[in-house]
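There are two complexes below, and they share chain A, which is joined by chain B in the first and by chain C in the second.
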Partner chain A sequence: MSDLQTPASSPTAGAATSDAPSTATAASNASSAQAAGGRTFLPRNTLLRHLLVLVLCAVGAVVLLETTDLGFNAQVGYVAFYAIAAGGLTVLTGLNGQISLGHGALMAVGAYTTALLLDAEEPLPLVVVFLAAVALTSLVGAIVGVAAARLHGPYLAGATLALAVGLPGLALYYRSFLGGEQGLTVSSPDRPEWFTDVIRSLSGGSPSGVKWIAYISVACLLITYFLLANLMRSRVGRTWRAVRDQEVAAELAGIDLGRWRVLAFVVSAAAAGLAGAVLALVVRLTAPTGFTIVLSLSLLTAIVIGGLGSLLGALIGAALLVFLPRVLRDAGESLDMDAAQAAEISYVVYGVILVLVMLFAPAGLVGSIRLAWMKQRARRAAGGTTR
Partner chain B sequence: MGPLAQPPDSSGSTPHQDRSPTARLEMTGISVAFGGVKALTDVSLTVEPGQVHGLIGPNGAGKTTMFNVACGLVRATEGRIVWRGQELRRLRPAQLAGLGIARTLQGVGLFPGLTVLENVMVGAHRHARAGFFSALFAVPTSDADEARLRERAVAALGELDAEGYAARYPGSLPYPVQKRVALARALVSEPELLLLDEPASGLSEDEMRELGDLIGHLSGRMSVLLVEHHMDLVMRVCDHITVLDSGKQIAAGTPQQVQNDPAVTEAYLGDAVDDTTDVSELAGTDGGTHRG
Partner chain C sequence: MTRSSRRLVSFVAAATVATTLAACGGGDSGGGGGGGGGSEENEASDVGITEDTIKLGAHYPLTGVAAPGYSEIPTGVQAYFDFVNANGGVNGRQIEFTYRDDAYNPTNTSQIVNQLVLEDEVFAIMGGLGTPTHNAVTDFLNSEGVPDLFVASGSRLWDDPEEKPYTFGWQPDYEIEGKIIGQYVAENFPDAKVGLFLQGDDFGEDGAAGARQFLEDQIVEEQTYVPGNTDVRPQISALQAAGADLVLGFNVPSYTALSQLTALQLGYDPQWFYSNVGSDPALVGALLARFSEGQVSDASLLDGVLTTEYIPGVDTPDNPWTQLWQRAWEESGQEGELTNFRAYGMSQAYTMVQALQSAGQNPTRDDLVAAVEQAGSEWEGPGFAPFRYSEDKHAGYSGMLVSRITGTTAEDLTPVLVTDNGDAEIEELDREATTPPESGVPDEEPIN
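Let's look at the complex of A and B:
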């Protein structure tokens, strides 16, 4: 891919070869200034455009949840919290170039906050509980971010790794309060009357608690992605990418590197906190074993496979994370393996698939598609000109 | 190089334009030591409002260090930097940009993952008004602010004849175009002091001439501090020149004065004649043809 970086001898030649940005983060570089000459079938106003997409996705989600069984509904909840956390992480890593191995721990903060608040005699409204989880996790994120802003590459990875290893240990230390190894069971929030009515009129079925939680998860996912997309398409996203690409030039342009790095960390932590809150509802248990380094690494895997810096990529990555092992296990069982064998072999195949994606699509799925599309467009542009 | 270069200013004598800059940069007694190594010893220079001030000297003379001190990347061990009556020595580069000081980098330093237009929009950072929360909720203020920045960026690219590359990524552009984009990114912030670090490196003769015209014209709007190796360009565009050698100031004055200063000739030739035997013959050549 190195030919993409070489300055070409003339503008036309440049367009003919390729007009691609650095490959690793290709998926993140959806331009913040695209409205200038972009497609016209979507509104140019960012709010309207993103609201339109939000509504379309919401409709799609309702159709999906109503046409599938409860088992699948529950899976959607898993995808949702992985995707929320991955969305936040992709902002941090893809847009701002900071790596975090500690997002699993940040999710734990959100999850434990939710579990504790819902355990009260008269629990607060769910929205308030979620906002509290987000606020507390953001605070932790800010503290970590201040330290992280001074660190780079492997040092940052090391520091956040310490967070991932250390923070869940608090649950063991404050055993009476946080439940130790057993963790805390999460009491399910009551589903409101109107929800029952809406679902009944929509599909005729009687909604279960699982369905209510699936809807909450999807709503949280959509709101998070809406807000993150707003940020990415604005000056904020552009500034993050500038800090990622060229520190000195960014600083000379008047950008306070440290402040913008901390901001990215806080935004990312807020998403992780919400993801943790959703996880608490979906899994109904928060225990230290749920927030190990494996969770943090899974999130990183998801965003890298999907394409660093792309929300769609993060969503696809999260979906693969949830569905791929299951699909493989089912495939294994259909090949006459027993359940244990199938489960083991599924992780091997999963790993092989990850390696293959990294080998053949280093920009991630979305990033590679985007690169291919840009090449295609450049080729067409070069073919169309008579120069 | 676009409308800016059209009236070939008589290589920027005194500013007469409508928006004449008022800010003066005074660097007094600047010394910089990296560990025990003295990179600069007691160097002083003043960039007068609307002037093009050249900073020259052989390799390793400390030009870039002086430059880095001016934009805050390197902190002076001693000395004062005064800009609009404010002491700058303890400020960081990001803060200096807010005070109207812009600089280009020796390479091009463009953001590879941002389009040309976005690169220039980042340069307009200090003019942005919409904050984080208006971006988060995509309120119309954010869009309006973006449109304003985009307009500024397109205008800056237009000034440098690079608006046709707006949607491209820097990596795919020829080097001279990248340099123009980098210059547009510095100009878009409407600085009052522009620090140009070797703007002519890698340019052809023609491009260098256009660059000279551009700099001459810019001096009407802002003060310029220029580090450059190409003597003909320096001699043509600068109002005032400071010559450094081994971290010390060895001469200062108009291009004419500097050119005829024996200390300058010696510094440059001492550098250039290492493997030449006939020193006396070379000593006769005039300063304009030497390279740093």
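Let's look at the complex of A and C:
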């Protein structure tokens, strides 16, 4: 039913284009409705379908947060901000084919905005603070995007790398305003009455500050992914793919490459800004050492492992960023290593996993599963016609 | 679920305490109470405490740029706790010490401290290392009511009993170190033209503020470096150009090595005076060898450099405290040798054991905080000077002495000098040098 929507997904269409769609971005190409196969229970209308998924995920998130302990609730906040930033990056890299090593710095813009606004005597409502963080980061993203739209490959990587290295340094030069090396502490927003009441009636647990922040984070994550998913399935998303796969053909079709690239950067930066705002709440501090190049690189590894261009992949990648080091460290400690060795080994294993994914599943986890599933379906379809 | 059952446990525990107290009521007047004696039974008096264990947590940079040196501290802490555990623990409880890597990144710090408090359910956090890293968790620890003892950083952020009643500093803060250094220079080098080489954060700023109280007229140049930027040639040449013949460095060990190498290249040879943080000869020597790619092979460049000390280190192998650390280190059977960083960890662990003993047999988290506030200034430990702890002061050691590095040892130049923040006088400490108890384990009276 939906083959028309996804020209790149069928093997013949892929062969027809000369140098594009590579398997690396396979995860971004299948439509979400198609994933349910021919007998889908989901509505055909994209917006309705996404709304339904959004509601299901929201219910699932509430169940998850209420059935797990506070320690897990706290970890969910970390997954959420990594996932929001990775979601934005996966749109930029997976759909539009631009690379950014500077998303950590864009997160810093969102985080510092949040920290400064929440520090006021009478802080604005949290929603306004978050929107301000998103707006300011989008502006920075637009400026970077204008430069980035003219660059390709390693030059683009270099330019955004400079952003990642340079921007956190501003906090050191404007010490009195941005707090310098020791950073700005972020005052936790008060949790409203209704939240306390709802949680009490829902599970009877005591609604601590940690839980409130976990709910804010998850809400931000779901809203971001809902908006991004709609955008990806819309004309905008299709245009981005066109720009990524065939510049010449896209230009002949009347697409202004530069403008669409800048737009992708702005959308991606907005997500990074929101991620930074959530990070500020979750971590309770914004300091330059929190936004080093390592942050930008780990976002990139998250979307590569999860599958370029897939929001689900970005979420999986983000969850791996948070939970894999823990699991590896605990495994190391159970093998009688001391804490320092266990901490080191977790980096080694993470690197090895990244290399293995690149070698054996270049489309990432989600992309590979989707590719395998499509191959099987194609084979079944082919078998059907010959018989 | 777990929460309500925990509440049940604490209720039961409280009830048991009440009945035990009632039962002991008659016997207490008989005078058996002193010395943490055995009339009471051990109970799970708060989160992280059971009848026979106490759980403590910490965060350190075990990987990444800050790991060299600092990653050795927790091994020292662990070694001393092992030593105490082997000698019966604290009130019959074994100390379980859990430390995790934060790679000196505040995001990681908040994540692992969340985990230590909410999942591992530690009784207290101790010795959290680093100013930006620990700054990320003080709000959380104070809102959860978790004692946050003996932060391993000389920032003045930890001395804020109003806003952060559960947080305590440990080492002398950078401001009083600056004052002591400033006074020494003013008295002994009255004609020197002083240059300042500062790390661009509160470390450099507080240190300079302290030194300027005495050296305002002598300072000819102030230069700041940004941590992470490894080229300090502009700063060192500016100091040279200003004619500074005595340079005070408030910097971390890697910048001690970088400033030495750069000065060597520029042919600049002032009297150097590094603050305690940046002057560990063994680490600086190793860094010099690495940065110079083997051309400078040891710490000989540091010969004659002035610095400060506030706890005994491996440069004084005959000090009874160093001998105790040596013994504990050997008994722990961990790899490597006793270093100044391990001695630092053991000194912190010693203070922690004193705090736990003072908190009584069945302490709550608030008892532990009260114990530090009430008894902390009386504790005698490895530190040269007493602590400044009280109900309105959460700052650590009150003083240090000035010494000169000669080879791998150091020669004391002043008696122990004690002071406080602001314009408090600097005085000589009127106290005999402390020695560890025979057993190697402190024996503090409980406060209640």
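In this text, the second predicted complex is superposed on the first by the 354 of 387 C-alpha atoms of A that agree within 3 Å, B and C clash if a C-alpha of one lies under 4 Å from a C-alpha of the other, contacts with A are read in each partner's own complex, and residues count from 1 in each chain.
The working rule: a residue touches a chain if its C-beta (ideal position, glycine included) is under 8 Å from a C-beta of that chain, and two chains touch if they have at least 3 such contacts.
Since the model is a prediction, treat every value here as computed from it, not as a measurement.
In the superposition on chain A, A:Ala74 makes contact with chain C only, not with chain B.
Look at A:Leu285: by the touch rule set out above, it reaches chain C but stays clear of chain B.
Looking at the shared chain after the overlay, A:Glu66 reaches neither chain B nor chain C.
When the shared chain is aligned, chain B comes close enough to touch A:Arg238, but chain C does not. In the superposition on chain A, contact is made by A:Ala249 with chain B only, not with chain C. In the three-chain superposition model, chain A touches chain B and chain C at no common residue. Of all residues in chain A, those touching chain B in their complex are 4-11, 14-15, 17-22, 25, 28-29, 31-33, 36-37, 45-47, 50, 227, 230-231, 233-236, 238-239, 241-242, 244-246, 248-257, 263. Those residues of chain A that touch chain C in the complex are listed here as 69-72, 74-75, 78, 169, 172, 175, 180-183, 185, 187-188, 204-206, 209-210, 279, 282-285, 287-290, 292, 294-295, 322, 326, 329, 338-340, 343-344, 347. Listed in rising order, the residues of chain C touching chain A in the complex are 2-4, 62-63, 67, 71, 74-75, 99-101, 103-107, 110-111, 114-115, 118-119, 131-133, 135-140, 143, 155, 157, 199-202, 226-227, 334.
Put simply, chain B touches chain A in their complex at residues 71, 73, 92-95, 97-98, 102-103, 105, 109-115, 117-118, 121-123, 125-126, 128, 130, 132, 135-140, 142-143, 145-146, 149-150, 153-154, 164-169, 171-175, 177-178, 185, 189.
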